[in-house]
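What follows is chain A paired twice: with chain B in the first complex and chain C in the second.
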Partner chain A sequence: MQHRKIALLLSIIPGLGQFYNKQVVKGLLFLLVGAAFFAAFGDLLNMGLWGIVTLGTEVPRDNSIFLLAEGIIAVIVLVFGLGIYYANLRDAYLNGKLRDENRQLSSLKEQYQNIISQGYPYVISGPSLFILIFAVIFPILFSFALAFTNYDLYHSPPANLVDWVGFQTFSEIFTVDIWRSTFFDVLAWTVVWTLVASSLQVSLGILMAIVVNQKDIRFKRFYRTVLVLPWAVPGFVTILIFAGLFNDSFGAINNDILAAFGIDPIPWLTDANWSRLALILMQGWLGFPYIFLVTTGVLQSIPDDLYEAATIDGASVFAKFRHITMPMILIAMAPIIITQFTFNFNNFNIIYLFNGGGPAVPGSTAGGTDILVSWIYKLTMQSSQYSLAAALTILLSVFVIAIALWQFRRTNSFKEGA
Partner chain B sequence: MNTKMYKKYLGLMSGVALSLSLVACGPQESGKEDTGSKETPKNQELVVWEDIEKGAGIEDAIAQFEKDHDVNVKVVEKPYAQQIEDLRMDGPAGTGPDVLTMPGDQIGTAVTEGLIKELDVAGDVQSIYTEAAMQSQMVDSKVYGLPKAVETTMLYYNKALISEEDLPKTLDEWYEYSKEVTDGKKFGFLALFDQIYYAQSVMSGYGGYIFGGENGSYDATDIGLNNKGAVEGAKYIQKFYKEGLFPAGIIGEQGINVLESLFTEGKAAAIISGPWNLDPFAKAGIDYGVAKLPELSNGENMSSFMGVKSYNVSAYSKNAELAEELVEFLANEENSKKRYELTKEVPAVKALADDPVVKESEAAQAIAEQSQFSELTPNIPEMNEVWTPADAALQTIATGKAEPKEALDQAVETVKGQIEAKHGGK
Partner chain C sequence: MVSDMKKQKFFRLLLSYGLLTFMTVVIIYPLLWTVGASFNPGNSLVSTSIIPENPTLDHYKELFAGKESLQYGKWYLNSLKISIFTMIGTIISVSFTAYAFSRFRFKGRKNALTLFLLLQMIPQFSALIALFVLAQILGMMNSHWLLILLYIGGQIPMNTYLMKGYMDSIPIDLDESAKIDGASNTRIFLQIIMPLSRPMLAVVAMNGFTGPLGDFVLSSTILRTPESYTLPIGLYNLVNEVMGASYTTFAAGAILISIPIAIIFIMLQKNFVSGLTAGGTKG
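And then the complex of A and B:
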């Protein structure tokens, strides 16, 4: 029998293969890690894996939600363990193969240096990877898992157990009348809101930057400072003040500004369409300064030679703008612009603070300006529909990720980075 | 051996390893049982979650209890409407309270989730509380808490604008009064009738109701929000908005802020609000009076939702018996009275209604009087589905976007749909 096979088989118990290959220290190390793994995580794996499969069998002893969390941690730990186990098998096999080929195995010192030189990046990024897994991956897995359970008011610990129900919650979104109609209403407005509000703030920002950056403009610093001010005030303060300004019967916009032009009061807060318009205008105001700032930076980095050369070639102002300024801005800004879209898609603050997603719409469980994320919030906080909210969150992420990926792939700025 | 073979071997190995580790973890977790044996430590500790800024009211009682039972009691203040939310996390983690306080309409949800314990309260203890307050603590005729305080909406009026003698006695008279004084800047009588919490005061007087049946045995399939009386009430409400007596600015999410500032700025003669505003309005420098709500045109007094605050025992409490004793102690007549003196929360103890301490206070008097006409907020979980659609319907009625009948019909349909969707599977 070949050495590699024997080593591989022996390595089913971590370290034995290494012993067989006469690499005692490494073998001990694997054996120790393996033993320590089971000693430290044995209970966690035992409870966690049992918990994630059954989600508890007995009330009030078992709390399904905690079991689920424990189970996910157990799975993560298990994946780590399997990674180490795989390294152990692979090492035994490769060294066995070297012996089969009658080649020299690396000495302990060489192995050590190997690890130091090749493994250095892993050692350095290890801790951050660890934190990343528990701060980012774990919560995502958890809410992902919730979507496939029936976790709601009537299936809540400690009185009741939560069960796996597969795709039932997802199918309910599309089959139960009240969910379906609300979902598509909310989705439609979310898409409109994202596109219009983001486009408005981006184009306003770019326009302002180009105007202020013209050579003939005086007091540039003054304009820049003033235009950045909306960004300097905390967003929620601005939103709450705007909510007061837009008030139908007491707000300054109806009473002072529109009245001065002889325009009748507009139902900003009580009519869904006017509320939507008000929100889009507010988001334009809140969002443009950032784009303005970044664009200003980009504009200043466009070399003057380009414009001089264009002038010599007899290009018009408009042609220069179209063929030099605009492409330069878009190449540099594409990622930022995309983030504006994804940000607005999930822009909970403005919707919730302005009018709580209202005004009310007859026959719908969401308000007239509720976007998906604020509707999910209402479902979770007001009606304990946790699994439904989790399922909607997944659908929502799918949208955002799809749009972002599609955009990222289309823009040059990311291709160059990769 | 080529790489393919090697990959295959590795795959096989990993498979073996995985199944080994999975086999190892059957549901044979015996380790959990032995933690059950309690060693009953000598100096026990109880944790009490009291409402925010109300801790002073139970300080003496706690000290007394500590002395009597040789136990350490820790009081933590938290907003009472959020305590159940925190209990969900803190309870299982072992950092939760033994005794907590919550609004009566959350009891049903808390019981459904199993967050609070059933109490074994003797009949003579139960009988010291007003019947309605005690009812709010019952689910399926089991007791889950003892009432700590009651609150209900009442009428606040600005004494600088209208004197107590001139106070209209009926809503019709208020309507006439408002018509006289309203000029777009100043208003007469205002209320948040675009919310079911306030609008029910009118609608229920004409015969509308939320759920049929009595407290403790509500029938969630029988919804009376669109019956003849409710529609009549809604029509009456709409009149106030239609004729500009209620400005559109008090409709919706921000409406309550506008309403309250209109009152504190002296621009509204009277509003409907709850006891939570007694202090803020006094601090705002308004010389106000309070009274029970006016009568309706059919002779019925306007009703109101009665909120009951209660002391309950957490299902996670390790000293449930002692905690129950503490609940009974805190809610007894003597401590309720002391609490009232310090925190102004009107107690639910029957005997205290005639107590001079309570009788002297105009606010307590108004609450006590209004309580006779008030109804409990249904405490079944299905109630959660009523608020939003009912508010939505009333809002569209207030803004004139919908006729009362069709708006309420639609609201009831939505409520029924949501109850079916969210509570059908129980």
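And then the complex of A and C:
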């Protein structure tokens, strides 16, 4: 039998294959890591995998949600364990192959240096990866898993068990009338909100940058500082300020400004359409300075020669704008503009802090201005419909990722063409 | 012809200054109104005017009066602590990871980059229930350190992308000649790459610092007692307990947090712009 096969077979128990290849230190290391892994995680794996499959069998001994969480941690640990195990098998096989071909195996010192140089990127990015798994990936996996359970107010620990129900929640979103109509209402407003609010802030930002950047405008520094103010003040503060300004009964917009023009008070917070208008205007106010700042940077980096050459060729102001300024801005800023859209799609703060996604809509769990994320928040925190919230999270993620990937691809080709 | 051009220029400038004046008013008004409200006597906003007739410092005093439900000083320190540690943690983890992605070709690199791109798009707080359960399992409800870890994790994907893009634009010849001179990877990172990435470090630092200040969801899920609150939750509760009742006090609190932050932002904006435009064009 060839060395590679024997080594591979032996390392079904980690380390034995390495012993066979006469790499004792490495073999001991694998053996130790393997033993430590089982000693440390054996119980967790056993318990976790049982938990994630059954979600508990007895009340009140088993808490389905904790079991699910442990189960997911067990799966993550298992994936890492399998990774190490694979490395062990592969190492034994490759070194066995070297022996079959009668080549020298690397010495202990070479192995050490090899690990140091190849392992460097893993070592320096390892801690970040750990935090990322803990703080982002585990929560996302957990909430994706919840979407396939019946976890809600009536199926919640410790009094009740939670069960796997497959795609039932997803199909209910589209078959239960009140859920379907709420879902599509919220989705429609989310899309309108994203498009209108983002376009408003982007175009306002670019417009103001161009206006301030004209050669013959004076007090540039003053105007720049003023225009950047909305970006510099913390967002949650300004949203709460606006909530006061727009207040139907005591807000200054109704009482001072509109009254001065003789316009009747407008129900900003209690009529859905006026709320939506207020939200869009506010987001324009909040969001344009960022675009303004970046556009200003781009404008200042456009060489003057371009404009001079165009002037000599007899180009009008408008032609210069259309053929020099605009393309330069759009190419440099495409990624930043796209992030504005994804940001607004998930812009929870402005919706929730302004009037809690209100006004309330009778018979619906979502208010008149709720976007998908704020609706999900309400389903979780207020009506305890956890599995519905989780299923919506999946739909939302799929939606955003699909659009963003499509956009990134388009802008990339746009860049290469330019 | 000449007078035509003059006329055109006149209208262009008229329109420009008109627009600028309008925007200035629209921006300044709400801010001044808040300043006015904070000096207005009483709790009601009905009588609020930008220049109060009997200005008072009562609301500022009330913030620090040490009421059970209004521990402004404590919230301020909590927010400061969380923001600073999130900023430091973000800078360290992001710059190391970005260095690995930018300078090394290792197994799993491509997959990890795609993963980071996807993770940027799923809002972290949509996994709220999980974070809540996590905090309970770990027995870390009300823990600022758990929150800081969660914030750092949330900052990693996007900022790593920004940072990697910026590092990619630093010529690799610099690394190579240093390597020939016998410098180790870590030394190249600390003495060459980091100093040259300063504009983007400013961006990452700012994102790390302001991220926690803009968050309402994660912090309100994990922090449940008034003495552990951060400013966003504290001030939100202040406004919403009885709508309008504590609005003037809120205004005072809002001003004390906004002014220092606005000053830092305005001072750092140059760095910020150069970092973003350089990183932005690289995608």
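Side notes on the structure shown:
Everything that follows uses one rule, which is that the second predicted complex is superposed on the first by the 407 of 418 C-alpha atoms of A that agree within 3 Å, B and C clash if a C-alpha of one lies under 4 Å from a C-alpha of the other, contacts with A are read in each partner's own complex, and residues count from 1 in each chain.
The rule we apply is simple: a contact is a pair of C-beta atoms (placed from the backbone, for glycine too) under 8 Å apart; a residue touches a chain by one contact, two chains touch by 3 or more.
What you are looking at is a predicted structure, and each value in this text was computed from that prediction instead of being measured.
By the touch criterion defined above, A:F66 reaches both chain B and chain C.
Within the superposed three-chain model, A:F250 lies in touch with chain B and with chain C [touch as defined at top].
In the superposition on chain A, contact of A:V192 is made with neither chain B nor chain C. With both structures placed on the common chain, the touch criterion links A:Y120 to chain C but leaves chain B unconnected. When chain A is checked against chain B and against chain C, the one touching more of its residues turns out to be C.
Of the two partner chains placed by the overlay, only chain C lies in contact with A:I137; chain B stays clear of it. In the superposed model, A:Q385 lies in contact with chain B only, and not with chain C. Shared-chain residue A:L82: touches chain B; no touch with chain C.
Within the superposed three-chain model, A:A319 lies out of touch with both chain B and chain C [touch as defined at top].
Taken together, the two complexes place residues 66, 243-244, 247, 249-251 of chain A in contact with chain B and also with chain C. In the complex of the two chains, the chain B residues touching chain A come out as 1, 6, 9-10, 13-14, 16-18, 21-22, 24-27, 29, 31-32, 88, 91-92, 109, 111-115, 247-254, 258, 315-316, 381, 384-385, 387-389, 391-393, 395-396, 399, 401-402, 407, 410-411, 413-414, 417-418, 421-423, 425-426.
Taken in their complex, chain A has these residues touching chain C: 65-66, 69-70, 118, 120-122, 124-125, 127-129, 131-132, 134-140, 142-143, 146, 208, 211-212, 214, 216-217, 223, 225-238, 240-245, 247, 249-252, 255, 285, 293-294, 296-298, 301, 331-333, 335-336, 342, 346, 348-349, 352-353, 373, 376-377, 380-381, 386, 389-390, 393, 396-397, 400-401, 404, 411-412, 415. Chain contact summary for the complex, chain A toward chain B: residues 2, 4-5, 8, 11-12, 43, 45-47, 49-50, 54, 57, 59-61, 63, 66, 78, 81-82, 85-86, 89-90, 93, 97, 150, 152-154, 156-160, 172, 176-179, 243-244, 247-251, 265, 267, 269-271, 355-356, 358-365, 367, 378, 382-385. Residues 9, 12-13, 16-17, 19-20, 23-24, 26-28, 30-31, 33-34, 37, 44-46, 48, 93-94, 96-97, 99-101, 104, 106, 109, 112, 118-131, 133-134, 137, 149-150, 152-154, 156-157, 160, 185, 210, 213-214, 216-217, 221, 232, 235-236, 239, 243-244, 247, 250-251, 254, 257-258, 261-262, 265-266, 269, 272-274, 276-277, 280-281, 283 of chain C are the ones that touch chain A when the two sit in their complex.
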